[in-house]
Each structure stands twice: as C-alpha cells, then as structure tokens.
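Residue numbering begins at 1 within each chain, and the chains themselves are lettered A, B, C and D in the order written.
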Amino acid sequence: MLQVENVTIGYGKTEVVHNISFHVKKGEIITILGANGAGKSTILNTIVGLHQAKEGSIRFQDKEISKARPDQLVQNGMRLVPEGRQIFPQHTVMENILLGAYIEKNAKKIHSRLHSIFERFPRLEERKNQMGGTLSGGEQQMLAIARALMTEPSLLILDEPSLGLAPIIVGEVFALLKQISSSGVTVLLVEQMANSALKISDRAYVLETGRIVLEGRGEEIRNNADIAKAYLGNV
Amino acid sequence: MKRKSAISVSSIILSLTLLFTGCSSSDDTAKEASSKPKEIVIGNIGAMTGSSATLGKAQSQGVDLAVKEINADGGILDAKVKVVSRDDGADPTKSKTFVEELVDKEKVDFMVGPTNSTPAAASMAYLQQNKIVSILPIATSTQLINPNNPYAFRLIASNAIQAEAIVKLAVEEKYKKIVLVADTSALGTDGMSVMKESMKKYGVTPAATVTYKADDADMTPVAEKIKDAKADVALFWTLGADGAKIVRSLERIDYINDLDIIGYTGLVMPNFKELAGPGADKVTVVSAGSWALEPGKTELAPKYWEIYQKLIAEYGEKDKRDTSASIIASGYDAVYLLKWAIEKAGTTDSEKVKQVLETDIQEFDSIYANHYEFSKKSHEGFPVSDLVKSKMDDMAYGELYKKAE
Amino acid sequence: MPNSLLKANSKQKKYSRIFTMFCTVSLLVSFVLPLFAGDYYMRIISLIFIYMILAIGYNISAGFSGITSFAFAAHYGVGAYVSAVAITRYNMPFLIGLLAGALASGLVGLVVSLPASKVKHHYLALISIGLLEIVQQILNEWQWFTGGAGGMYIPSWNIFNIMLNNFQKYYFILIIMLFCVALQRNLRKSRWGRDLIAIKNNEIAAAGVGINFSKYRIAGYFLSSMLAGLAGSVYASFSGYLSPDTFNFEFTVFILLMAVLGGEGTLSGPIIGAVIATFVPMLFNATPDLKQIVFGALLVVLPQVMPAGISGTIKKYFKEIDHNKYIVDQTEQNEFDIQSNFMKDHSEMEDILVVKGLTKRFGGVTAVDGLDMTIKRGTVHSLIGPNGAGKSTTVNMITGIDKPSEGSIIFNGKEITGNKIFNLTRKGLSRTYQHVRLFTNLSVVENVAIGGRLFYTYSIFDSIFRTRKMKKEERKSFHEAMEYLKIINLYDKANYDPESLSAGQQKLLELARALYMKPDLLVLDEPCAGLSETETLEFSKIIHKIRNAGISILLIEHHMDLVMEISDYITVIDYGKKIAEGDPASVTTNPVVKTAYLGEGA
Amino acid sequence: MQEIVTALANGSIYALMALAIGIIYSTTQIINFAHGSVIMIGAMTSYWLLSIFHMNYFTAILLAVLINIILSMVIYKVSVEKLGDLTQNSSWIVTLFGAGIILDNTARILFGTEPKAYPFLFDGHVISIFGTKIMIHEMMMILVAVIIGVLYQIVIQKTNFGRAVRAVSFRPDTARIMGIRSNRIVLMCFAISGAVAAISGALIAPITFASYTMTYSVGIKAFAAALIGGLGNTKGAFIGGISLGLIEGIASMIVPGGLKDAISFLIMIIVIIVLPGGILSAKLFTKGELKTEKI
C-alpha cells in the first residue's frame, strides 16, 4: 500500500534521514521505532506531503506521491495523526471533528460517520461543545484519532500517540488502534514506547539517527536484545 | 585594510584642504546673453501625480498648447521653443531637485511654475540665484512675490489680493458676524493669515476662525463651529471638495439658510453644485473676471472665447479632461507672456526680459487676466479690479462660472 | 591562519579584491567629481549622500537590529526641523544645530521604541505609521516652532563664520557620509554589531549568550533614528527650505525602496540602494504616470526576485565572508588547554545547582511536577526520560527561558528562580539547544567569539572609533575563539557560513560558543540528537575533556551509550516526576525505568 | 446627538474597513498595506458603474464587489504568495505598499483627479427623529456594517469554511493535514476582504466624495481602527471602528481641526502599548513571547 524507497530528507543543508526504504502492506500495523531525534516525525511529515524529500520515491496505492499536496493525499485516503495531537484548542470538540471531515462535502456521509465516531468515543459526544483545549491528554488523543477517522482513511498514520500519556491511557490508545486496524484500516505507527507498540504490530522497523537498523516481525523485534540497546544503551 | 585606510585618510585631508582653502568656483554663472538664440528652453514644473495633480496637469496643458502654436508659427526670434516638464508631486524636495536639474543640466532659459506654493517657495531661491525669469501661473502664496525674488512674476491673483477682495465684499455687504474657514495645508494657513490681516485693515474682528485638516471625511464639526459663532457670512479658504462637504454639513444642521459663503478661487470646481447639493447657491466666489460669463450671456468676451474654443479643440470638452479651462489659460498665457517679452527685448537675456516685463507690460495682450500690472515695485500681475464676484450654483459648459449680479 | 583556507576561498579573495577596488574607485570618483560634474550633478550627488546617511540609519534598525519601522521619514523630519529651528530661531552654530537635530530625532526614537521592547517587532511598524502621521500634523500645526505648512527658510551654511559654497557643502556632506559609512562598518565589525545581528537572527540564542535583547533593540533603534536625524539636519541646511510635505508617507516608501534595492543587513546595501533608488526613477522623469507605476512595480517585484537586494545577491554569489584580520594575525599553534582557561574557584559549595519542588503548568497540563534534583560540582549529571517527560521544560526553567509555576532553583548558593537567561549567563550558566540555534548571519568564528562577549569591556565609542583598546580586546577574543574552534576541529572553517556545516559540526559549534562563556555549569540539551555514530563519538570525547577541566555538566540525551558511559549521576523523570535516581548502573537495571521507556510488559 | 449619529455612522464604516484588515490578518498574520487602495478602487469602480453606465445601486455595488474580489486575489497572487513564510519574511510590507502605489496611480489615470459626487442611498433622504436629522444613508451605513459583521461572524463560527479559517490561523500545518489547502483559504480571505472593502468604500464615498485620494484620507483610518480594537476578530473591529468614530467626534470639538488625526493615532499608539491586542485583547500578544515549545 505504501512504499518508501531510498528516501533522503533534509532541512537546508542538514540531512536528517538518509536513504531509507520500507513498505506497508494493506491491513498491517507497522511500527517505526526510534529514540528522539532519530528522524521519525520527519519521515511522516514527508509522507503526508508537508515536507519534500530530497531524493527517492514514495508510492501510495501504486501512485507516486512524493510531490503530492497534503490535501490530495487526504482525498486519496491517507491520514496523519500528528505528534502532540495538535487538536485545535479554540475550536469545540465538535468543530475539531468536523474539521477532520473538511474535504468531505457529502453531508449525509458526515452525519453517519459522526454517528459512528460518537458510538466509538462516547466521551467525545459528552464533551462535544467543550473547547478542545479543555480536554485531558488522553481525550485529546482520542479526539485527534476521531478527527482523522472522519474521512474513513485507508491508511492511518500516527506520530507517537503515546506521547505524554499515562500508561493506562497508552494501553487504551493501542487497544483502540488494534480495533481500528481490525476494521480494515492500515496503520503506520511511529513510536518510542517499543513494548506497547510492538504488541499490536505486525512488523516493525527500528530507526537510529536517520537510518533503519533493524526490521522484522513485531514479536521478533520485541524479543530482540538490540531494541533495548537502542534506547537504554549498551549496558 | 591598510591601503584602504591610507586612502581614506589622504582623501579626508584632500577634502579638508578643498573645503577651507575654498575652491571658489564660479557659482553664479551669469546667463550668457545671445541676441540670436538657437533654441529657447522653458522649464515647466508642477504636480502631475499625487493629490494635487489637477493643477499641475492644467498648467502643463496650457504650456504645451502655447509652445505647439508658437513653434508652428516659427518660434520666438526664429528659435524653436523646447519645453522640459517635470512632475514634482507637490513635494518641495523633489521640486527643488528638478529646478536644479532644469537650470544646471537642461539649461532652461525661463521657467513656468512650480504650480504649488510650497514647491515654488522651495525652489525660488535657486531660480533667483541663476537669474531665471519665472512666471508663476498658479501658485498663490503671498510670500512668493517679494523683492528678494526679482525674477519671479505672478499671473494669478495672490492670496493677499484675493483675501482683500473677499474681506472687502463681506465688509461692504455689511455682514455682522464673519467667520473665517481654512484648512491646515500650506494654502489654507497662508489664506487664513492674509484674511486676518485684511480684516484688521478694515477694522473688523472675525466672530470665529475655524480650521480643519484638508480632505477630512467628516466636516460636521466645522459646520457646528460656524453655527456656534452665529455667523451670517463665512469666508471659505478651502478647496472645492472640502468646501462642498462643509456646505453639505451646514445643510444637515439647518444653518445654510442663515448664512452666505464667500470663497476664494480655490473653491471653484466644476461639479461643486453636484458635490455640495442645493446649498451651493449660497456660495459666491471671487474669480478672474475675464473667465466669468456676464449675466445672461452664453459666451465670454470674444478674445477669451476664442482661446476657450482652442482649448476645447485641443483637450476636449470638460468631461474629457479633469483640468479647468481658466487654469490652462493661465499656463498658456505664461508662455505667450514670455514670447512677447523676449521679442520685445530682442534677446533672452534675463535682465532685459525682466525690464520689459516691468515697464512695458501694458502692451501685452493677455488672455488670462484682463491685463497685467507688473511694475518695478510689484511683480504681482493680476489686477485687483479684475476680481469679480461669481456664482457657484450653476456653471456654463461645465466649467465657466457666471458673474453674480 | 593556514594558507589552505585562503586558497580554498579564492572566490572570496576575488570578491574582496573587486570590493576594495570598487570602494577605492568610487571614493576617488566622489572626491574628484565636483571638479567636472557641474552644479546639478554635484547637488544631486550631495543629496544622494544625505540619503545614504538616512539609509544607513534605516539599515542599522531594519537590517541589523531587525526592527521594521515606517517612521524614518518622521525621524528625518524631526532632525531637519530641530536643527533648522536651532540655527534660525536660537542662533546656534551650524554644527551644534546638526547635533541637536540628530539628538532630538534619537530621543523621539527612544520614546517610541521603549514600549516596543515589550511588543512583537511588527507592532513597532504599526506604531511608526501612527508616529509618522502625528509628526507630520505637528509640523503642520505647531506654527511658531516650525513655520507651519508654509514651510521655513534656513540660512546658508556657516561653519566658524565661513559661508560654504556648493563645493564646500559637497565635501562637508561627503565627509559626514563617510563618517557614517565608517560608523556602520565599525559597528558591524565589533561586539555591538554582532550582538545586534545575533538578536535579529535568533532572539533566544542571543539571550543565551547574555544579550538583553530589549535593551539592545532600543539602543539600536536609538542609534538609527539618530542617524536619520543627522541626515535630516544636514538636509535642512543643504536645502535651505523645509516644508512638512517632504516628510510624508511617500518618502518612507522611498527609504524602504533604498533598503530593498541595496539589500538589508549588508554594509554596502544602503549605499548602492541610495544611488539606484535615486537614479532609476529619474529615467522616467518625462513620463510622470509611468514613473509612479514603475516605482510601485519595483517595490512589488524586487523583494520577490531579489530578496537579498543587490549587494546581498552579489555577496551570495561570491559567498563573501568577512576576513577578520585578527584571525590572519594568528600564528601560534600550541595545543589549547581547556583546563587552564577555567581558573574559577572550585572551593565553593559542593552543590552547584539545587532544584526544589520545581513545577511548571501549561494551561491544564502539568509538564513538570515537584521535581527535586541536586547537581554536585564537577560532575556530569544526566537528566533522562522518555519523550515528553518534561526534560526540556525542566532545563528551560533552570536556564531562565521558562518561568517556573512553583519551586526554587539555587545556583552557586544563590536563588536564581525566575531570573532571565541573559542574567544567568553572567552568573556562570550556559547552555546549548535541542534544535541548534546558531547566528546564521555571522561567520563560524564570530559565532564562537560572541560567546566571549561577557569579557569585553570596550564601549560603543571604542567600537565606533576603533580604539586601541577595542582592537586589542577583539584580537584577544578572536584568538581565543580560534582556540575553541581547534578543540572542535573547525579551525579551518573559521570564515565559513555556519549553515554550510554539517549537523554535527553545527552542534559542536554551539558547544564551543557555550564553552567560551566559561561557565561553571554547562547545560547540554540533547547535544547528540540527529548526529551520526562518528559525530556522537567525537562529541563524547569533547564532553570528557570538558568534564576533566572541572566544569559541571547537566546533560539531557537519548543516546544511552553516551549517557551511561559519561554520567556520574542520573536522574530519570517521567510525566514530570522523578521516577529514579542514582549512578548509571543502578538506573539501567531499575525496572521502573525500563517500563517508562519501553512501555508495559518489558 | 447629531455628532453621535455621524460618529456612529462613520465609525461603523471604519469598523468594516478594520474588519477587512482583520480577515486577512487572521489567517496570514500580515497587515494589508494596500487596503486603502482597495477601498478606494471599490468606491471608484462603483461610482463609475453608477454614473457612467447608469446602473442601479445594487448592481453597481455588486459588480464593484466582484472587481474587488478579483483585484484582491491578484494582489495576493502577485505580491504575497511567493514570499513564503510571512512571519519570517517581512517583505510583504514593501510589496503591498508597492501594489497600493500602482493601484492609486492607475485609478488616477483611469478616473481622473476630480472628486466625484457619489450619490447617497435613497437620494440622501433625511428623516427627523426627536429633532435630530438622520440620513437614511447613515442608518444604512450602520445597518449594512452590522449585517456584514454578523454575517462574517456566522460564517466564521458556523461554517466549514469558517472553521477552516480559524484552523489555518491557529495551526496552518495541522490544518493542511486535515486536507485544508491553507493557500486557498488565504486567497479566499483576501477575496472576502476585498469584497468588504468595496462595500465600505461605496458606503463612505457619498460622505467623503469618491476620489483617488481616498486611499490616504480614508484608508489610513482603517489601520487605526483595526489596531485600536484588536486585529483579527470581528468584535474588536467593531469596537475599534466605533471608538475611532467617537474619538474623532470628541477630538474635533476639543483640539484644532488639524490635530484631530494626530489624536486618533496617539490613542492608537497608547492602546498598542498598553494593550497590544487592542481594546479587546486578542491572542496576538502571545505571538511575541519566546516560544517555549520547541527549544
């Protein structure tokens, strides 16, 4: 579904991501693991079109998208849940969700999706008239995901959904992702919480300083001693 | 580095020596007099863009038309006439720079303009230094014509003359409470002060003086102040659009019927009535008598009518141009005045031309004012007697005003 | 300086040769010009010189200090009128009048920029539109002072009872102009200019090297409005007549055009801009309508096709970087010893930094929650934790960028809670940043040298007149900066643009800058994030060196190899709370830490 | 009473003009320095259509609005779009000025220099309420301004487009992730701003007369009003506009006429200094603080 081939990304003269390749198959949950500064967010921003790769090709559903605009990609079924959630704090919860459906012009569809979203996230329905900024961290993450689901994406990309969330909530989020995945949505996840993420992942890549150093099935990687090393060092 | 500082040190020394030993170059290059000039260059400066573009454009149109005619007719003293025009945008700095350019680089022999008073004030000194005879067809600021400016001649009625005329009108018609109204532009300030002086001369004190910022949106406060002073006449030293706004505001506060308004020439504006509404018939202005229709007539006196037809032929009816005929005529007259003076003097020498203008002016057949009154003492050409009272309410041909009864 | 450097930059050399030649030629031309130019050109060039002074003033404000202001026509006007009034009404000597004009304009600048220190920079632009309007109306209305709308006349120049003729005026203006050019150059090549540029480049990093940016902004604006006032004063006497009409909106736009054309923030920009902005519109003198439209079109098109202006574009082509002669003088090649450079008294109290109950709330979120931490003198103390745990917030509070909601910070026995970062640097605290914050408009060596600005003592007058004291201090400072570059192996890139360095080198450069501040406590915020394996290795070596020199380090880092190897003590936080503390070995084996990092079920 | 009516009527037009500035500011954080010229073009084109082509009031203004919409979009395309990050690159100040100069001079060449008598709505009919004469036109000025303000507020609060505008103004990149084309939203804002400017120009022109000098005589007040009230929000624009109207009314009674605007601007400066976000302190001030998130 998504193929990233030999992609190099940089800001100005500094290269952040060096010649990486990976792919995501339909229906999978894929995790990219890596410590802070490894270049994870950069890769995601490039995939969704916020940033241009210096070299390499990115293909989505067999179409070259390395030069596509974000809105075109959203139209084609790709959705990013950005790092730090980035909900709109001065929009109400309802407005945040509706913004998620910005490109959808069919009111009926919006309505029915809204219905199913509120079924899935009853908390959000309770708070739909509250300002986004007043939600707790976990609720904001739910909102960010709900917002992304409003266009029924085929590929959902999440940038560190566990960031700053309490462990219980992290568990909830990952459970939710599993559930979303089982409803047929392909999930690409960038995480630092290796164990929790790997538990739900089909495959995973480990990123270190802009390079992929390890790849394999979720369980494999989880049991790999090197993964702890990537985080806690060689002790 | 060292080289550079050495250079700069030496150059500073060089410049200091130059500075204090005083390289007294010939600053005052006297105009070389040649009795048979090959080409006569006339400079023309005015605001052709910016907020007072109308006047500068009108002056230029007049100058251009006159020069075209003169050249078609063989020029002056068999020399072709060349006009160099510059747009100063009513900015004194630009105007002065242009005057310097025209004098030093284009070597103009004579000047027409600058149109606006502050630019004229800024550049006057340089013109005098270089002994350029300059005709001021439009600038009205009182100060411009004085003994320090021996080569400047004015065609239009100066602020002082106009103030005198309108104050006289007000006094003669026995108004009790006179209010003076002027904007805070250069023109307005000068107008206000000359009006006050004239009032003093006639021994009357104004009931109030009202000033406002030119081009202001809301003139209600001005109208209120006039009303508060219980004025029976207001002397307007305002430009047309602002004057019209005030008239309208007076109407709004129901005071227009208790008031007469006398304005100076700047108030004259073809669509004044349209702008001011019905209150316009309470407004009279002083204007050049030759360019005002006698009551009941449809044509000017033949001499002026002929020129008017010419202007129309060249630049179109009123709605085709936004310049006013009488001002074009004044620019036109400036060039013919120069032609006459040069031919009479037989040379382009400034001194001789100046002398002709000062002594033989009554021989010149003018088309803006009835005649001009230059003398050795005064370079104000416009005869006070030629100022007439005109009505503003309806104009002929879109621009010619009618004499009041 | 090694010869290789000069060879590598042959284009620069070519540029500097062409530049010197160009300067010499134009200087010579301007000196001999009056002899054959004729009155008109002489006067217009005098006017251009005045505009150059004005443009230099604007450049110091907009180009160097980063303050956009539309009030320069007003400053120019205030200068012109005050000097004119001083000369005509109060019979002051001409030169005193000049000074009075400049000073008055500077004062006006001071008054409007004082509140501007609080406000975002384009707000000053808006205030200045109002100021322009107000000054114009006051000039119009204040009749007894300014002569009102009708304008006022100023008698011709009279210096020491010598009336000047056009020639002398020309040379007089030329000298003042050259003085201003020199002033601009000297300022740019001294600590003052570097400080201003640093503020424009990166406010936070500037504060991090101890620059109180609001003060400097105000000073920069004061100076530039003074220059504008000086230009105005000269203009007043040059022109002989003043009217409020001159100092209008259109004139402001003209000043902007000069800046845009020449290139903001360059030394030659104002000069080139003034020449071209005066001459190009003159080509359209005969067609006034077209002239206005061309003028507008220039303003629309130029900033888009040539954002750096003419001189900026040329400079870019040649990649010109200032040759600093203090570097060229460099001869000694001894190995630099950090230790000997830190002769601070180590016998003070044992705890260099004590943090108690530190708390930070952003809205409803508590980023740091009652954190206690103590750093012992001379140790490397690491602060680790997963993403979003509150490490950066903690460091920002310690270094005075964020204000703590609660809690106290004691540094070297002194309470520093809530102190601003630029005060902390003087007390011996310096830091690097997670996202590199270099001054991109300064060269590599200048970036380091600015770290040593704390040790300068020369005043702004020393820099304007390039006194011996200034030169000596600059030379010393640049020597030392070169030594620091040696440590980080960037010795041969001293004159490069920092942006041409690799990410690792940039981080190292930032480290060198922080080191040159000779801190007691060095705070490193993720120094190795985004670095390659080898770069990280190099970095760790340098950190070792620094530690051995006895400097205490607070380190935030994700490379655990590095952290474990280098740290004496580690504090682990998660959700803003301390979850573990101890030496590296005890921390790695702590299950709580593992869970925090890897998630449940580790 | 008379003064208050005038102040309110003028103030509501100032509010409209301030609103138009705020519309652009809200999404781009830039101030449209060509705004005065756009207002003027709105007034001049509608005058032209009214008096030369003898259209009725409604069609003329509608067409002028259309012309202004296109014009504003062209201004954005030509002088803003290519500049990149507008918070970093402040060249927009220069380019927008430039665009204004071109417009002013083109207008002068096309429409001439003479001020034109712009007809009042309902022929300037005056009604008398408790001895105060109120022109229906003045009531219309207030009414139209309020209607536009309310409409804009509804659009911005309740519609998809409005949500997108607020999203772009708050987090442009996140907005792009939502599939919102930030550029297009900004372009739309320029268009709307142009439309509002045309209406405000057409409504105030009967009072000031239609002339190419409106750019300065009227346009400059839009900035003062916008800044007094606070940039980028509707309420602020109205509070700013009406206060400016009242300030002018009061100032012209107390100080010499020539200093009236100086007083307005002085008050504007004081407001900016004391309350950087305008009387209704907007979120602006936070923009100037050190950004604490990503260091």
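Basically, a contact is a pair of C-beta atoms (placed from the backbone, for glycine too) under 8 Å apart; a residue touches a chain by one contact, two chains touch by 3 or more.
Computed from a prediction, not measured in an experiment: that's the story for all the values here.
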More Cb-Cb contact pairs, comparing A-D against B-C, go to B-C
Taking each chain's mean CA coordinate, chain A and chain B are separated, in whole Å, by 75
Measuring centre to centre with CA averages, how many angstrom lie between chain A and chain D? 42
State, to the nearest whole Å, the distance from the C-alpha centre of chain B to the C-alpha centre of chain C. 52
Quick check: how many Å separate the C-alpha centres of chain B and chain D? 37
Please list all residues of chain D that touch 2 or more other chains. 105, 108, 216, 256, 258, 261
Residues of chain A whose C-beta touches two or more other chains: none
Mark out which residues of chain C touch at least two other chains, giving numbers and ranges. 137, 140-141, 289, 292
Interchain pairs in contact, sorted by label: A-C, A-D, B-C, B-D, C-D
Residues of chain D defined as touching chain A within the complex: 160, 163-164, 166-167, 170-171, 173-181
Touching residues of chain C toward chain A in the complex: what are they? 363-365, 386-388, 499-503, 506, 526, 528-533, 536, 558-565, 575, 584-585, 588, 593-595, 597-602
Which positions of chain C touch chain B when the two form their complex? 20, 23-24, 27-28, 31, 38-41, 43-44, 47, 137, 140-141, 143, 148-151, 153, 162, 164-168, 171-172, 174-175, 178, 182, 235, 239-243, 245-246, 248, 250-251, 285-286, 288-289, 291-292, 325
Going by the contact rule at the top, pick out the chain D residues touching chain C in the complex. 31, 78-79, 82-83, 89-91, 93-95, 97-102, 104-106, 108-109, 216, 220, 223-224, 227, 256, 258-259, 261-262, 265-266, 268-269, 272-273, 276, 284-285, 287-288, 290, 292, 294-295
What part of chain A is in contact with chain C in the complex they form? 12-16, 35-37, 39, 84, 133-134, 136-137, 160, 162-164, 166-167, 170-171, 192-197, 199, 209-210, 227-229, 231-235
